[in-house]
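Note that subunit A is present in both complexes that follow, paired respectively with subunit B and with subunit C.
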Partner chain A sequence: MDWWDGFWSTYNTVIFSLGVNAMLALSIYVTLSCGLLSLANAAFMGIGAYAASLISMQTGLPFPVALAVGGALPALVALIIGIPTLRLSGVYLAMATLGFGEVVRVVVLNMDITGGPLGLNGIPLKTEWWHIVLLLALTLYILARMRRSKIGRAFEAIKEDEVAARLMGVNVAGYKLLAFVIGAAIAGVAGGLNAHYTFTIGPGNYAFENAVEILTMAVFGGTGSLVGPTLGGMILTLLPEALRDFNSYRAVVNGLILVLVILYLPKGIWDPRRIRHWVKTFSQRKPQAGGSN
Partner chain B sequence: MLEQQLINALSLGSVYALFALGFTLVFGVLGVINLSHGAIFMLGSYAALLLIEHFALPLWLAMLAAMLVSGLIGLAVDCLVLRPLRARNAPHLAPMIATIGVATILTSLAQGLFGAENKRFPVGTIPEESYNWGNLHVTAVQIGIVVISFILMLVLLAVMRRTQLGRALRAIAESPKAAYLLGINVEGLFYLTSFAAAALGGAAGVLVGLSFNAITPFMGQPMLHKGIAVIILGGMGDIRGAMIAGLFLGFAEVLTVAYISSDFRDAVGFGLLFLILLVKPSGMFGKVLERKA
Partner chain C sequence: MQFKTLLKTLPLLMLAAGLGSAAHAADVKLGLAAALTGPAAKYGVAIKNGFTLAADEVNAAGGVNGNKLQLIIEDEQGKKEEAINVFKKLIFKDKALLVFGPTLSNSAFAADPIANAAKVVAFGTSNTADGITAMGPFTFRNSVMEADVLPVTTRAAVKHFGIKKVAIIYGNDDAFTKSGYDVFKGTLADQKVPVTTTEAYAKGDVDFKAQLTKIKASNPDAIVCSCLTEEAANIILQTRALGMKQPFIGGNGLNSPKLFDIAKGAGDDTIMGSPWSPENLTPANKAFIAAYKAKFGSDPDQFAAQAYDALHVVADALKKIKLSGAIDKDRIALQQALPSVTIEGATGKFAFRKAPAVTGKEVGYDAQQEAIVNIAKGGKFILLK
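== the complex of A and B ==
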C-alpha cells in the first residue's frame, strides 16, 4: 500500500475538503430551500472555525465539544441577526447578509483573541476522515428526514409562494429563521472540521469570495434535491485540482463552467427530470436505429 | 485637519458615485445585479494604460477610448450572458451568479495577460500640478476626478430626466412589458444601458487608476463591494440616490480613517448598508419602486 500512503499524504486535504465543501453546499441549500438567498454562510463558517479552534487551543476540552460549540455559536448569532434581517427579501437579503459577512470579517481582523490579520496558527490536527464522513452522513440524514416532514413541506410552501403559505397558516417568519439557523449550524460545524485539518485560519478565508464559492457549489450541483449540493460541492473541490495544467487560466475555466451551467443547465447538473429525459431519449433511439437498418 | 479631509473625501466619494452609477443603472433598467461591473471597471483602467503606453495617446483621448472599450465589453457580457437569461425569464439569482462567473473569467484573464503586479501610468501622464490655499493642498488629479465625475453624472441625470430616451428607460424600469407594448425598443435599450453602464464603470476605473497610480487585476473586487453598499444606501436603481450615497460613503470612510481608525475603513460601507437595510430597506433616499426581485 505504498502508493496509497503517497496518495494520501499528497491529497488528504483535498479529500477532507470534499466532505467539508459538500456540507457547506448543503448549509446554503437549507436556506435556499426556504426561498432565502443568504450570503452569510462563509461568515458562519468562520465563526464556527474560530470558536472550535480557540476551544481546542486554549482549553483541554475534547474535539466533539469544540465542534459542538463551533455549530452552536453561529446558530446563536444567526438567531440574533436573523430576526431583523429576514424581513428582507430577494436581492436585499443577499446584500444584507453580504454586509453582515463583511462586518464579521473586519471584527475578526481587529480582535486580539482571533490573532487579527495573522489569524490562528498551530491549530491541532484533530479531524480524521471518519469524522467528516460521519458528520456529512448525519447532515444528509437529518436534512432528508426534514425534507419529508412538516418542516420540509413548510419550507417548500414558503419558497413557492410566501403569501399563500402565510394565508394557509404557516408561520413564515419562524420557519425562515429556522432555516437560517440550521444553515448557520451546518456551516459552523464544517468550519470547525476544516480548521482542524488546515492548521491555520485567517479572516481572509471567510470573505465574499468564499460566500460566493459556497453558493456556486450549491447552484452548480442543483438545489432541487440533496444530491445536487453534495455533488456540486465535491465536483467544484476537485475541479481546481483537475485543471492544474491550465495554470493561470484555471480560474477562467472555473468561471466559464459557472456561466455555462447557469445558461444551459439552469437547475444544476443534478436535475433528475433532465437526466430521466436523457435516459429516455437514449434508450428510445437505440432500438430505432437498430430497427431501421 | 478637517478641510483637507473633506477635499480628499470629495474626490473619493465622486469616484464611488461614478462607479455606482453604472451599477445602479443596470439594476434599474434590467433588474439585474451585475457583479461583473467591478471587473469591467478594472479593464477600463488597463485599456487606458495600454493605449497610453503603446500609442502615446493624450490622457483625455485614452480615457474616451477606455470608456468605449469597457462599454463594448459590457455589451458583450449582455449579449452573451444576460440576454439568454432574459429570454428564459430566469429568476434574479441566475444573472447574479452568472455575472460572478464573468467577473472570475475577466479577472483571471487580466491576470494572465498583464501579470498580477501593480502597473503604473508612464511618467508624465498624470498632471503633477497641485494648488495650495493656505493649508489646503489640492492636486490637479483630484480636481479632474471631481469635475469629470460630476460632468458624467449630470449628463446621465439630464438624459434620464429631459430626453425621450430617458423617458423610455424609465418606462422600462417601471415595466418592460408595458414599455414594449408602447412601441419602445426594449431589447435595444437594454443593450444601450449595458453599454453606457460599463462605459461609466470604465471611466471610474481610469480615474481610480490615475488617483492611486496603481493598476492591478484585483482592483475591481473591493470597488464592487463599495458599489454594492452605495446602491443599497441610495436605493437600488435610483440614480440620484447613487450619486448622493457615493459621496456620503466617501466622506464616511475618510472621516472614519481620520478620526477613528483605518482598521474599520472597509467595514464602514457594509456597516452602514447593514443598518440601513434593517431600518429602511428602500435606501436612504428611497421611495423605491417595490420590485419583485
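== the complex of A and C ==
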C-alpha cells in the first residue's frame, strides 16, 4: 500500500480536478443541449466559489451548507440575468454572457469582502474525494433522468428547431431559462468544491480564458451525450499532467492533440455513431482475413 | 494509470542509466517550482537561471560537505492548480529536501499550505505579498516585502526633492500594484505627507490623460506610482506631454530597463526602491553579474539575483547539518538550521526575521534586508546618494 499512499498524496489534487472539471463540462453541456451557447459558466463557478468560501471562512456553518449556497446563489443570479439575455441567440448570446462574466470579474475586483485583486487566501481544506464522487454521480444521475423526461425532450426540440418546438406548444423561454439555471447551479457547486482544495481564489481564476477552457472540455469530449463532456473534462485535466515530460514543449503538444481531435473527430471524442462505424468495419474485415487463410 | 507511470518512469530510468555510476546516493535533491511558461515566464526563467548558476557554482566548488546539489526544476505555469500539483510531485514523488518557489504570490497561497502540512520548507524568492509567511513555520522567503522597501524609498525621495505633497496613481485590478498602493498610502500617512488626489487605472489601459489631468489640477510636488513597467512608462510619457515636470516615486514594478526603452529620457529623476541593483558594486554582486553574463549572455535582473542568493542561503544551512538519509528528519533539520543563516550575497547583507505573529498559529520567516534606493539619470537607474 506504500505505492498507493505515495501515488495518492502526489496526485490527489489532479484526481479532484478530474471530477470538478467533469462537472464544469457538464454544466455547459446542459445549456448546449438546449441550443444555447452561453459562456457565463466560469463566472457562475466564480460566484459559487466566492459564496462557498466566504461562508466557510466567516461563519461556522458546515461544508454542505457552504456548497448548497455555492450552488443556489449562481442559480439565482442566472434566473435574474437569464430573463433578459436569453432572448438573444447564437453569437449574440455568447457575447452577452461573456459580458456578464466580465461584469462579475470587475464587481469581485472592487468589493472589499472578496479581497479585491488579492482574492481570498487561507480557505480551509474541506473537499474530500467522496464529496466529488458523490456530487458528480448525483449530477450525472439527474441529467441522465432529465434527458429521458419531458424536459430533456423539450431541450432537444428547442435545439433542433426553435420555431417548430414553439409551434408544438413547448414553452421555449421557460425551458431555456431552466437549462441556464441548472447549468449555473452545477458550475457553482463545482466552484465551491474547487475553492476548498486549492486554498486560494482570485478574480483572475474565473475570467474569459476559463470560460473558453470549460467550453473546450465539453466540445472536445462531444456534446451528444453525457459521456462526452465527462470524458472531455477528465482527459483535458490529465493531458497536461501526462505530458509533463515534454517540458517546454508541453503546451505545444497539448495544443496539437486538441487540433488533431477537432480535425479527425469533429463531434468530439465520444461519438457513438463513429465508434459503431469503426467496430462494424473492423468486424467485417476480420472474416475476410480469415477467408484468405 | 500504468501507462502514465511508465511515461514518467521511463525518462527517469534513461537519465539514471545515462549518468551511470557518476550519480551517487548522496545527492541532495532541491525542488524548484517556477513559472517557465505563461504570462509570468519572464520572471520564472530569470529565477531558473539564478538557481542553476548558483547550484553549478556550489557543485564546482565540491558541493556541500561533499554532497552535490541536484536541482529538480518543474514548470508551474503561474497557475494555482499547477503550483499545487508541482509542489506535491516534488515533495511526495521526487522526495526533495526543500522546494523553492512558486513564482507568483497567488500560487504561493495555493501551494505553500501543502509544504507546511508535509513539513517541508517552501522557500519563495519572488513572493512579496503580505501574509505569505503567516501560512506556517515552513514558509521562508528572501524576497523583500514592499512594506519594507517603500517607506525607505518615500523618505529618501521626500528628502531629496523637498516634497510637501504628492498625488497617487495605481492599478487597482492587480494584486501587486494594489498591495503596493496600500503600503504607499500607509507610509505617506505615517510620514505626514498629504495626498492631493488618488487616481486608479485598470490593467491594459494605454490612455491615462483623464487621471493625469486631475493630478495636474491638484498640483502635487511628486507623483507616487504603484504600477508595472509598461503602464508606468506610458504614464510618465503622458505626464510630460501635459507639461508636468514632477518626479515619480515607485516600487519594484519600475525596476526594469524596459521603463527607459519606452519612456526614454522622460523617466529621469524617477526614484525607485528595490532589494537589488546592478549599480551596487559589492564584490559578491560584481561576481554574480559577471558569472551570469558569461553563462547566459544577458544581464541579470532582481529575480535572478534573489534566486541566486536563495540557493546560497540553503547551501549555507546545509553546511551546518548532518544529513541522516531519513528524508523526514533531514527536512526538519533544514527548517531548524535556516533561520540562523546570514550571508553576504548579490543582494547585499541577508538575514531571516520571524514573520509578524498571528494568534494561534506558528509563522515562517521573512527577509531582513536593506532596500536600495535608486534614481534615474540619463536613461538608467543609479544609486541615490
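Criterion: the second predicted complex is superposed on the first by the 293 of 293 C-alpha atoms of A that agree within 3 Å, B and C clash if a C-alpha of one lies under 4 Å from a C-alpha of the other, contacts with A are read in each partner's own complex, and residues count from 1 in each chain.
Following the convention adopted for this analysis, contacts are C-beta pairs under 8 Å (C-beta built on N, C-alpha and C of every residue); 3 or more make two chains touch, one makes a residue touch a chain.
Worth saying up front: this structure is predicted, and the values here are computed from it rather than measured.
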Touched partner set for A:T10, first subunit B, second subunit C, both or neither: second
Touching partner for A:L125 - first (subunit B), second (subunit C), both, neither: second
Which superposed partner A:L256 touches (first subunit B, second subunit C, both, neither): first
First, second, both or neither for A:P84, with subunit B first and subunit C second: first
Which superposed partner A:G202 touches (first subunit B, second subunit C, both, neither): second
Contacts of A:E241 with subunit B and subunit C, given as first, second, both or neither: second
Which superposed partner A:N110 touches (first subunit B, second subunit C, both, neither): both
Subunit A residues contacted in one complex by subunit B, in the other by subunit C: 106, 109-110, 248, 250-251
List of subunit A residues in touch with subunit B within their complex: 37, 84-85, 87-92, 94-96, 98-100, 102-103, 106-107, 109-110, 208-209, 212, 215-216, 219, 248-252, 254-259, 262-263, 266
Subunit A residues within the subunit C interface of the complex: 6, 9-14, 17, 106, 109-110, 116-119, 121-122, 125, 198-200, 202-205, 238, 240-242, 244-245, 247-248, 250-251
Of subunit C, residues touching subunit A in the complex: 4, 7-8, 11, 36-37, 74-75, 80-82, 84-85, 88-89, 92-93, 106, 109-110, 113, 118, 129, 131, 135, 172-175, 178-179
Residue numbers on subunit B that touch subunit A, as the complex places them: 33, 81, 84-85, 88, 90, 92-94, 96-98, 100-105, 107-109, 111-112, 221, 225, 228-229, 232, 236, 263-264, 266-267, 270-271, 273-274, 277-278, 281, 292-293
